[in-house]
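What follows is a group of structures, each given as structure tokens.
Shared between the two complexes below is subunit A, which pairs with subunit B and subunit C, respectively.
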Partner chain A sequence: MRNRSLLVLTAIAATGTLTLTACGSRASNSGSGGSGSGSTTVTIGVDAPLTGSLSALGIGIQNSVDLAVKTANKTNEVPGVTFKMEALDDKAAPQQGSLNATQLVGDSSVIGVVGPLNSGVALTMQKTFNNANLVEVSPANTNPALTQGPNWQTGTKARPFASYFRTATTDAIQGPFAAQFAYSTLGKKKVFLVDNKDAYGVGLVGTFKDEFTKLGGTVAGQDHVTSGASDFSSTVNAIKSSGADFVYFGGEYPDAAPLTKQLKAAGDNISVIGGDGNYDPTYVKLAGTAANGDYATSVGAPVESLPSAQTFVTNYKAGGYSQAYGAYGGYSYDSAWAIIEAVKAVVSANSGKLPSNPRQAVEKAMSNVNFSGVTGTVSFDQYGDATNKQLTVYGVKNGVWTTIKTGTFSG
Partner chain B sequence: MHELPQNLVNGLLLGATYGLIAVGYTIVYGIVQLINFAHGEIFMTGAFGALSVYLGLGSGTSMWIAIPLMLIGAIVTSTVIAVLTERLAYRPLRNAPRLAPLITAIGVSITLQQLVWGFYPSAKSPRVFPSLPGGPFHIGGVLIQSADIFVVVAAVISTLFLAYFVRSTRTGRAMQATAQDPDTAKLMGINTDRVIVIAFALGAGFAGIAGVAWGLRYGEIKFDMGFLTGLYAFTAAVLGGIGNIYGAMLGGLVLGLVQNLTAIYIADIPGMSQFSSQSWSSVWAFVILILVLMVRPQGLLGERVADRA
Partner chain C sequence: MAGSGPEPVEILESRGAERRFSTWWRAQSTRRRLVLALGPAALLVLAFLTVDLTRPQPPAPAATAWPAEHAAVTYDGMPAGDPSGRTADFSVSVRNQDAAPLTVVQMTVDYRGLTLHTDPRLPVAVQPGQTVRIQLIATAADCTRIPMDDELPFIDVTFRNIRAIGQESEILGDRYTSDLHRAMTAACRRG
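Here is the complex of A and B:
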């Protein structure tokens, strides 16, 4: 008997460690660049979930950075410097992100990193990058604490890490923007809040709730769900009995799609509104007709509608990538390009040559980067946040995401 | 009261699916004392097998024809994979210390997940699973989807079949004999290797059925769906008494009920509202597991087996 319960215990312990052990250690193989033809090779690292349920977004980021690197090499953007991309998979897991950060820092050819996708992953990477003065530009992190410190909500903003930048807008704007849309444009007054417990989801729901209650709306109930679960019947029942007239979801589409599907199947035909994590074609594909009438806000203006993005869209198609660039493609391209611009500034300030230890100089140059990118003018404020604070509301109509309105949140 | 009947029904339906998977853990454990952690992935491959059959049939096929074929596809896929893993990964370790096959099982689990992720078309994001026509039905204030009826029918028929098989067929009795004492069973002329393969195949067949049920209920399947579900099903098997097939079903039902009810009703206890949510429901499931094991270490229906090791 004792033997059996011991076995059961080891079994439970073993599965627990499963989540921790799935990480290989790849030897870094890139040297500090060839000096053959007088050209220095530098690496732009990418950290994103390349496997797992968010891999569609992650691979879009990887491909877009790859496109930026290839474009820079083709146009000889920085004379004497050749760029190369090295992508690491963080599996959307914070502990893997931390390992990847160490690996990227250890590779002396890495001059800047694009990523990660998840705010929760970014939290574990920032310090490692900052200690090495290695610039990190995220195309997708929206949690405000990443740039403005943990006390941003009480008004004491302090930038925790000078090496962290992002091209995405924060949830400090996205949540309230959605709240105003729901309250004023849609006229909904009673919300049920659902989050998936990660830094992004909780942050988004928090900022939404503050603005929504300030406007006069009421919170009918709240639930936290496990990411990756399939059965949301208890949440659906809680929503139904709360009498809410819409659901605000903080999380990503792999959880939001089954939730909206099960909610509508249970006969509660109310809108699910989410953030940029929901804005993905897969959401509609998975939820089917249940997605009709749902909304999502996303950072920036729709890439397809921007005249500045036409070249990017054409080049991406011509690049022969098998996966779509996804919600963050334009931002990833701009993130990589910001690093390239910073390198260019460093090189031209150093009489046409890359200094022997360029990381700190690149970090300094980032704050002065200003160029016209895929998503509009790209530059960073004193916290490292994008100065471009546009957001767009999308709605599902007849099975496709359609643009409802683009705007900026003020006050 | 937050629609108590609906919550009970939802809990039982979830539990029935857990039960179908838990049967696989319990049969294999009963015979070779191996916790087959790859069983959750066997369940997942079954669902993907069914989806492949559906895609192969073309869109015009009636679901009444498609469902039996999908079930066959699921059962065949998961059984073949389970038998292969037994042959390649577990049999060479039959006489190794117990931890070795356990770790191997975890390795098999990761391998199967990655194989589906890497080689099944578009499996990198969740795949849409076909749904049953008809429904929903209102029965006394409870909303029942047509897929829910499938789950109930599948669970009842499978359990009855298993009970008949284990009790009344020669192979079933050979399985019981092997579970009680493999060495003596061997001396009595039972081919224990064959019995072990049958145990794996039987569990896998049930997992395949569960895979179809899961896909029909939730409308999507994904490469990593077996991990969490398999863990809950394993919990159900332990709760019901690992080694006992009825216990696996009962454990599944209890677990499903606990998860669904605690997610909603804990909030009604004053001061406990922060412990009530869909994500806390797994915590409560394990609290119940620990409480049950404290009173009945052998699980709800666990048998008093002689300590063999």
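Here is the complex of A and C:
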């Protein structure tokens, strides 16, 4: 018995030693990423709605930037520089966005900002950032005027602010793509247009309407809703009496979901089609079964389908974030990483240190940023728009958003 | 030194140990002998597996992407020459940026008044890194149902690779849009 015990103990000891050796070698390999113990700390600001009805999208943006910052520190992406994140809640309100822009500009450690979500908020922030040469990269703004100026639709494109960039594609593509889908693919000919009176909603409906009528479609009626309202009965009545085949909605899901619910409850079982502001699981949650048969376009290809996004998806899950990365997660990560790449270029060109005017240098470096990101190749054109222009049509089937088709702009 | 062998003490000790072990071994039951014989081997296998399973694994080979994700479609223009009848030709290039072969299965347009054929006929295989040029031959079947001033016409392309079959809308840009409108206007005038 004593002999057997001795044998077993020896084997266990040997096994334990070998196991510890194996664990040790794994830890050594994974721990080679560096600790981010740089001598200079810079901040990447985030501006997004972190509370309120759009917080699901805003928190996805915040978490994705957080992941980018942590990854950059772990891999010692810019030797000598440690990144940190500071997130401010704009509550989806332009006034708050303006205050946040001032606060971020006032913090000298802020080297760049990711955000905002809403185009209407961006309009109030751009000038403040631009005056301070503070780079702003939005993962979600789609209003074309932000990069191409107010007269973009007449062919007079002029970049208003050199510090503004975005990774999302614009409504100059989103609206017409939705119109082509509705008219040519779904065969719908009569639309009722609804917007929420803000820059994003009005702009999106405008680009949709323009293409839809050029295709031969007709506008059966048009109405505007107040964001945050709960009773859409007058709009529902107008839609019903118009005889429209479908509704095109410019706005976000907190308004679109009750609208479709009230419309279907009133017996008008026509599709509501919207833009990226509608594309969120909360839309289905709020509208219930009334959401079935509705559509939304959103920026980019589905992140889950991109081979370039697999690491992001895995790391996001491993990061333990309680909220989903949402429609803009991949673009938010890429927005933050674009800033990190610009900082890297600036530091590399300045003997491994940040220059005395880092914001100006980063702004200048942004135009040459080019890397393989979560959403594909990330770079910017002369207006600050993403060169990678993709968008996808999603439809609600059995209470779940499902991919219908992706479009890629190669022109 | 001739005739000297291994030190006798060591030999004796060894033989004595062998004798003691064989005596002890014979005293064990068959079942116990089996356990004693196979136990260390099992533990060694366990130790090996432990080492092997905890060793850092090389990254898994990248899964082949959905076909459309690694296909780049670009508009090349209209070939030289005078179009005739109600047709017009447009040229596109399909580049396979994946490491796996790709097949262009189908190309269509959603306009009800327009039919589309290709040269070469589809399906067409595109090898990794290869670019294939495809001629789109558009025929105006019903001019009243062809939009002549829309801004974002696209073609739907169905791709297939070893992973899946999938469709993508290819928005070919301003040059394609203006060529399409000009060509279809002329074709409808001719017809």
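Criterion: the second predicted complex is superposed on the first by the 370 of 411 C-alpha atoms of A that agree within 3 Å, B and C clash if a C-alpha of one lies under 4 Å from a C-alpha of the other, contacts with A are read in each partner's own complex, and residues count from 1 in each chain.
As a convention for this text, a contact is a pair of C-beta atoms (placed from the backbone, for glycine too) under 8 Å apart; a residue touches a chain by one contact, two chains touch by 3 or more.
Because the structure is a prediction, the values reported are computed rather than measured.
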Original post:
Can A:Lys397 be said to touch subunit B (first), subunit C (second), both, or neither?
Top reply: neither
Original post:
Now for A:Asn237: first (subunit B), second (subunit C), both, or neither, which partner does it touch?
Top reply: first
Original post:
What is the contact status of A:Lys317 with respect to subunit B (first) and subunit C (second): first, second, both, or neither?
Top reply: neither
Original post:
Is A:Thr408 in contact with subunit B, with subunit C, with both, or with neither (first, second, both, neither)?
Top reply: second
Original post:
Of the partners subunit B and subunit C, which touch A:Thr185 in the superposed model: first, second, both, neither?
Top reply: second
Subject >> On subunit A, positions contacted by subunit B and by subunit C >> reply: 4, 7-8, 11, 14-15, 18, 22
**OP:** Mind listing the subunit A positions that touch subunit C in their complex?
**Re:** 4, 7-8, 11-12, 14-15, 18-19, 21-23, 25-26, 29-30, 173, 176-177, 179-180, 184-185, 210-211, 214-216, 301, 305-307, 310, 389, 405-411
**OP:** Sort out for me which residues of subunit A touch subunit B in the complex.
**Re:** 1-5, 7-8, 10-11, 14-15, 18, 22, 51-53, 55-56, 59, 197, 222-226, 228-235, 237-238, 240-241, 254, 257-258, 261-262, 265-267, 282, 285-286, 288
Original post:
What part of subunit C is in contact with subunit A in the complex they form?
Top reply: 35-36, 39-40, 43-44, 46-47, 50-51, 54-56, 62-63, 65-66, 68-70, 72-75, 110-112, 145, 147, 149-154, 156, 167-177
**OP:** Under the touch definition given earlier, write down the residues of subunit B that touch subunit A in their complex.
**Re:** 2-3, 6-7, 10, 13-14, 33, 35, 37, 98-99, 102-103, 106, 109-110, 114, 117, 124-126, 128, 136, 143, 145, 214, 218-220, 222, 224-225, 227-229, 231, 234, 238, 242, 259-260, 263-264, 277-282, 293, 297-298, 307, 309
